[in-house]
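In structure tokens below, several structures.
In what comes next, subunit A is part of two complexes: it sits with subunit B in the first one and with subunit C in the second one.
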Partner chain A sequence: MRLQDHILVPKHEILKEEEVEKLLKLLGVSKEQLPKIKVTDPIVKEIGAKAGDIIKITRKSPTAGVSIFYRFVVE
Partner chain B sequence: MSYDTILAEYPLPPSVKEEIKEELEKIKVKKSVAKKIVDYCYKAYLSNLLEPGEAVGIVAAQSIGEPGTQMTMRTFHYAGVAELNVTLGLPRLIEILDVRKNPSTPMMTIRLLSEYAKEREKAREVANRIEATYLKDVAEIEVDLKETIITIKPDFEALRRKDLSIGELRDKIEKIIKKNAELIEINGKFIVKVSKESYKLLMDVFEELRELVVMGIKEIRRVIIRKEGEEYVLYTEGSSLKKVMKIKGVDFTRTITNDIYEIYEVLGIEAARAAIIKEAIETLEEQGLEVDVRHIMLVADVMTADGELRQIGRHGVAGEKQSILARAAFEMTVNNLLDAALKGEVDNLKGITENIIIGQPIKLGTGDVELIAKLGVRR
Partner chain C sequence: MYPKKISTIKFEVLSPQEIRRMSVAKLNNPETYDDDGFPVESGLMDTRLGVIDPGLKCKTCGGKAGECPGHFGHIELAAPVVHVGYAKIIARLLSGTCRECGRILLKDERRDKFIREIERLKALGQSYEEVLKEVFRLTKAAKKCPHCGAEQIEIKFEKPTSFYEILDPEKKEEQKLTPKDVRERLEKIINEDLLPFGLDPKAVRAEWFVLTVLPVPPVTVRPSIILETGQRSEDDLTHKLVDIIRINQRFIENRDAGAPQQILEDLWELLQYHVTTYLDNEVSGIPPARHRSGRPLKTLAQRLKGKDGRFRGSLSGKRVNFSARTVISPDPCISIGEVGVPEEVAKELSVPIFVTPNNIEVAREFVLRKQSPKASYVIRPDGKRIRVIDTNQEEIAEKLEPGWIVERELMDGDIVLFNRQPSLHRMSIMAHHVRVLPYKTFRLNPAVCPPYNADFDGDEMNLHVPQSLEAQAEAKILMAVQEHILSPRFGGPILGGIHDHITGLYLLTRGEKKFEKEDAMEFLRAVDLSEIPAKDEYMGKEIFSFILPKISIKFKAEICQGCAICKEESCENDAYVIIENGKMLKGTIDEKAVGAFKGIVIDEIMRKFGSSITKKFIDDMTKLAIRVITRLGFTIGIDDEDIPKEAVQQIEETISEAEKRVEELIRAYKEGNLEPMPGRSLEETLELRIMQELGKARDRAGKIAGRYLGMDNSAVIMAVSGARGSMLNLTQMAACIGQQSVRGERITRGYAYTHRTTSHFRSMDLGSKARGFVRSSYKSGLSPIEFFFHAAGGREGLVDTAVRTSQSGYLQRRMINALQDLKVEYDGTVREQTSGVIVQFKYGEDGVDPMKSFRGKAVDVKRIIREIMEVKE
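And now, the complex of A and B:
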């Protein structure tokens, strides 16, 4: 049973090292300024992310069709 | 010929691209013309974007607040055709924004795996596994004070309907009374004999037996089966996502609850965000009010930005404002000022509320612009 298969849960993936830098440069922010997600979050546990990672969330949006969101994993 | 290559060059949202593509395919134009059209669309899109610094929070607050005044203050209505009682209107909206841990009417919508969803009998089978069945539902419980015994007369008809064997029932009863009493089976009846002659103990055991859940999930008080299109769907009074997910026959990927905090605990912050949006929009729509999703999405984003659910209000978003004056202006003025004074807090006057209080221009619109001038030396 994968919690990620639930209809309410959008796609979560861990951002690769090189993509992280690209993203932070594009947005002009530091990691800590991103919205957060806890390490204890069930989905974070499921994909095996650690504190300090950035998670890319691909949501289905009623306005934009698909929207991409990033969260910084914190303790 | 495909217009995708042209569209790929523009950073438009997927839904907008889809729409443009559809229209282009209807009129079937040349590539060069298509490019011009897309270019024009992109300009229109850019001019419709919000400007940086726009006070979206205030706009969202007003856009939800005004329709909120038209909502029914007290409703305890029946949703749809089902006989289920559901909190609606303003009380429900407040419940969502306050992130109540126990909503007043918890409810689940359970969808079933295809092999169980087609027949009513099969759906009933799953419903039996979910709905809490108490001992008092399947048996008659009597106390004999003179003999200090409790007699349990199983109702075989009810047991058959619930698909529960007498052996299972016996195990359940034995498990709960094992320390305080012993169980004797005499021609189809159970007799519970307490270990010492004490009325208190007898009554305690009796109470325990009355509340004993012999089958199903304790939190789910009632299950209703309803046919929706081709499949049977279960609606429940009471909610326990974690337990229901594990029941055989339940399609957990499409099973939801209206308890947002529970969703947060079981499925995480992103699912909670989606649930807030869904519940809030449904509540507003049910009242015949149209609020743009963008406002609700903003509220949901603020509530979930920290990775945990924060309510809108003094224990959440409004209570964590940096400015003392802004917090004091919201709720509990004296307490806030007193606490801030004790801690020696400093207000940097960067926000809106505090600047209005002291009569300064706010940092929005024209107030957000600062003049930078090179001062030459005057001769």
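And now, the complex of A and C:
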């Protein structure tokens, strides 16, 4: 079973190199200043992200419709 | 210059060498001052330790009092003593190491495993306390040394500073370890063996926990004070140090004279006592050292510990200038944006005027004034403060120039910050404008009580005067009361009418009441209105409309009975409020319309017209309501809850029936005929059914009483309009108090072995009376047994509030500490200020400021549609 198929698990995707650059420039931060997620996290394993990647999480939100969150994958 | 950052703080233990190295004098004279009043050489006031008397010079640095920072001295202890603060770790070390070879009572591999585990947890920044406990447990249990094979003897630690070897547990044979023995054992422990005990050998050696030399703090730390009588009074620390030196010298003399062992031991014990109490005078197990007057001495630990200690009392909490505190009392005649300040307070507090070419005349006028508000001080550009008095005011006014600062007394219109503890949310500190008033209390409009959570049963509040133009502007723009009418907590109004405001407007607007011209004018007298249509009679709703801004709104009032289908404008209860374009057409104004936390009308005005108009509305509303209620009169008394005989009869019957049904339930339970409810045991079912039955009985009794307490009853008016009290309060007063409970259950506590609550009942009695059902009303009075159960139930409430406030206070503190340096940036992200770490990419997921939201929602769709439809028409 894929974790992502569960209704309570929001969409996780690995951000592409150029998107990462754009995001970090937009926010004016380094990767270390983003919220973190462990490589050992089941969802990280499932989408095949490696330490150093940035994951984009798209959640449904009762107040905002969709809410986008980013996490930096760490050891 | 870049600010320097502290990366690490490391705590180490002072070694005897270090204590001697930092010492400027070895002290051995118990005298402090000689007959001429000069400090004695090698005494505790030795001038090498610094000076406090003006005129004397420090022998170490040459500085005078105030210049010399003070220097440490030391006392060479004639015999070692245990440091109380380290007694526990000494106990761990003694029972964890070999009494012969001093090695840790673990095999090397085992020891290294623990060391690695501690290193790992340290690196993660986690607590390794558990590992230390495990080491202690294992080493204490060891019977034989794994290194030299020596038999181990159990160590007994007797608080606060004694250690024994238990030679024979059966015969209670014990051998006391002197501090000297202890120190010798600790000396034998090798550096590597210290690590598993949580000690860093680079910072500490085990034997340093036993003192051989005692540092003496400089005199600046323990200054003596001169009493009015001219007598010198020494600091508590000095007293204690004198004791230590005296005993220390006695010990030396006796030892040198070859005194018997017993005497030496007693003196040693005494020395240990003095050093222990010098460090901490509140250790359990020994009597605290006392002053001659019987007051316990405040020694080192007492200076740091507790509420008034160095940390909580002097570092975290500081006293501020330009502030005042006094009792508060209500004044419905001042604006919600004002605060009444007593004349005496206004005279004492000051506001600086920074003199410029533009305001020099104004400033000069204040300097020349003979009455308040006048200038109290002027500050010249060179920083000199000059007090303005009758004899020099003209001279100062003459000399006044741009660049000077004139400090004038507080006056009407000044902006001040007003605060009530506990400051749990931002509305606990708001900016008010000053109104200087006679008498001695701070006055505030009762409509601002809810955000401060204030009442007038003796509450005190604080006032602070901002001292710069920037601070004053900031307070006015960001902290003014009117900017906090909507709460960021739930996106609705937190300010609003309370108690009499609600009752007053209820009386004014309910039904089709007409008021004579004279009454109407009296009601509106305090309200600032430009025009009123001339009439002989005014409708109540019309009068209220005079103060309403042009809003249109429809809603159900608090008094709405909640009919299945709302008849809206034709509601016979006049509970459906219709306001059209500032004209009130239907309904009754009550808590739902203008009350704090609810106030739909206030909310609407705020959204449509903003804070200034809303402020004026609340001011007008409170003034109007107070005048209405004072003119019409409103009172309650004990006979308001009188109900006729037949009602009492009916209530009696209802309750008796319910009690009978309870008896039947109990009988059914005992005979085994009770059907258990799904998922419940038989006992639970019985309890639930009984509670249900008795609850219903009380409700029915309340309804019966309610029928006889009509809508003209003052207490009922207050309950239904939401001004104060509830129908339950009335039920309990007039009809029946009902079931008392502890922890949500009927009262079952009492003599457990007899299975009854009190001795008035038979064992195992499950009846309503025996389990805390109070059938009396407050008016009729309770029987002694009922009174007892009522007290039991009432106590739970008291305990709950006491526990909850302390718990929520601590929770609040932790949350504030965690959140204090998070900030919403201009791009909508939430970031941690020092590290720049992002916490949220959009504040609260939706980027909505809850204060500007509509009751928590980002937009009020209904309202937008309504407004667009209005424009179309």
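Throughout what follows, the second predicted complex is superposed on the first by the 75 of 75 C-alpha atoms of A that agree within 3 Å, B and C clash if a C-alpha of one lies under 4 Å from a C-alpha of the other, contacts with A are read in each partner's own complex, and residues count from 1 in each chain.
The criterion applied here is as follows: a residue touches a chain if its C-beta (ideal position, glycine included) is under 8 Å from a C-beta of that chain, and two chains touch if they have at least 3 such contacts.
Small disclaimer: the values here were computed from a predicted structure and weren't measured.
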| item | value |
| --- | --- |
| Partner chain(s) touched by A:Thr58 [first = subunit B, second = subunit C, both, neither] | neither |
| Touched partner set for A:Pro35, first subunit B, second subunit C, both or neither | both |
| Winner by number of subunit A residues touched, once subunit B and subunit C are compared | B |
| First (subunit B), second (subunit C), both or neither touched by A:Asp5 | first |
| Contacts of A:Leu27 with subunit B and subunit C, given as first, second, both or neither | second |
| First, second, both or neither for A:Ser67, with subunit B first and subunit C second | both |
| Footprint overlap on subunit A, where subunit B in one structure and subunit C in the other make contact | 35, 59, 61, 63-64, 67 |
| Subunit B residues within the subunit A interface of the complex | 13-18, 245, 252-254, 256, 263, 265-271, 274-275, 278, 293-294, 297, 301, 304-308 |
| Subunit A - residues contacting subunit C, complex | 27, 29, 33-35, 59, 61, 63-64, 67-70 |
| Touching residues on subunit A, where the partner in the complex is subunit B | 1, 3, 5-10, 12, 35-38, 41-44, 57, 59, 61-67, 71, 74 |
| Subunit A-touching residues of subunit C, taken from the complex the two chains share | 827, 829, 835-839, 841-842, 844-848, 857-858 |
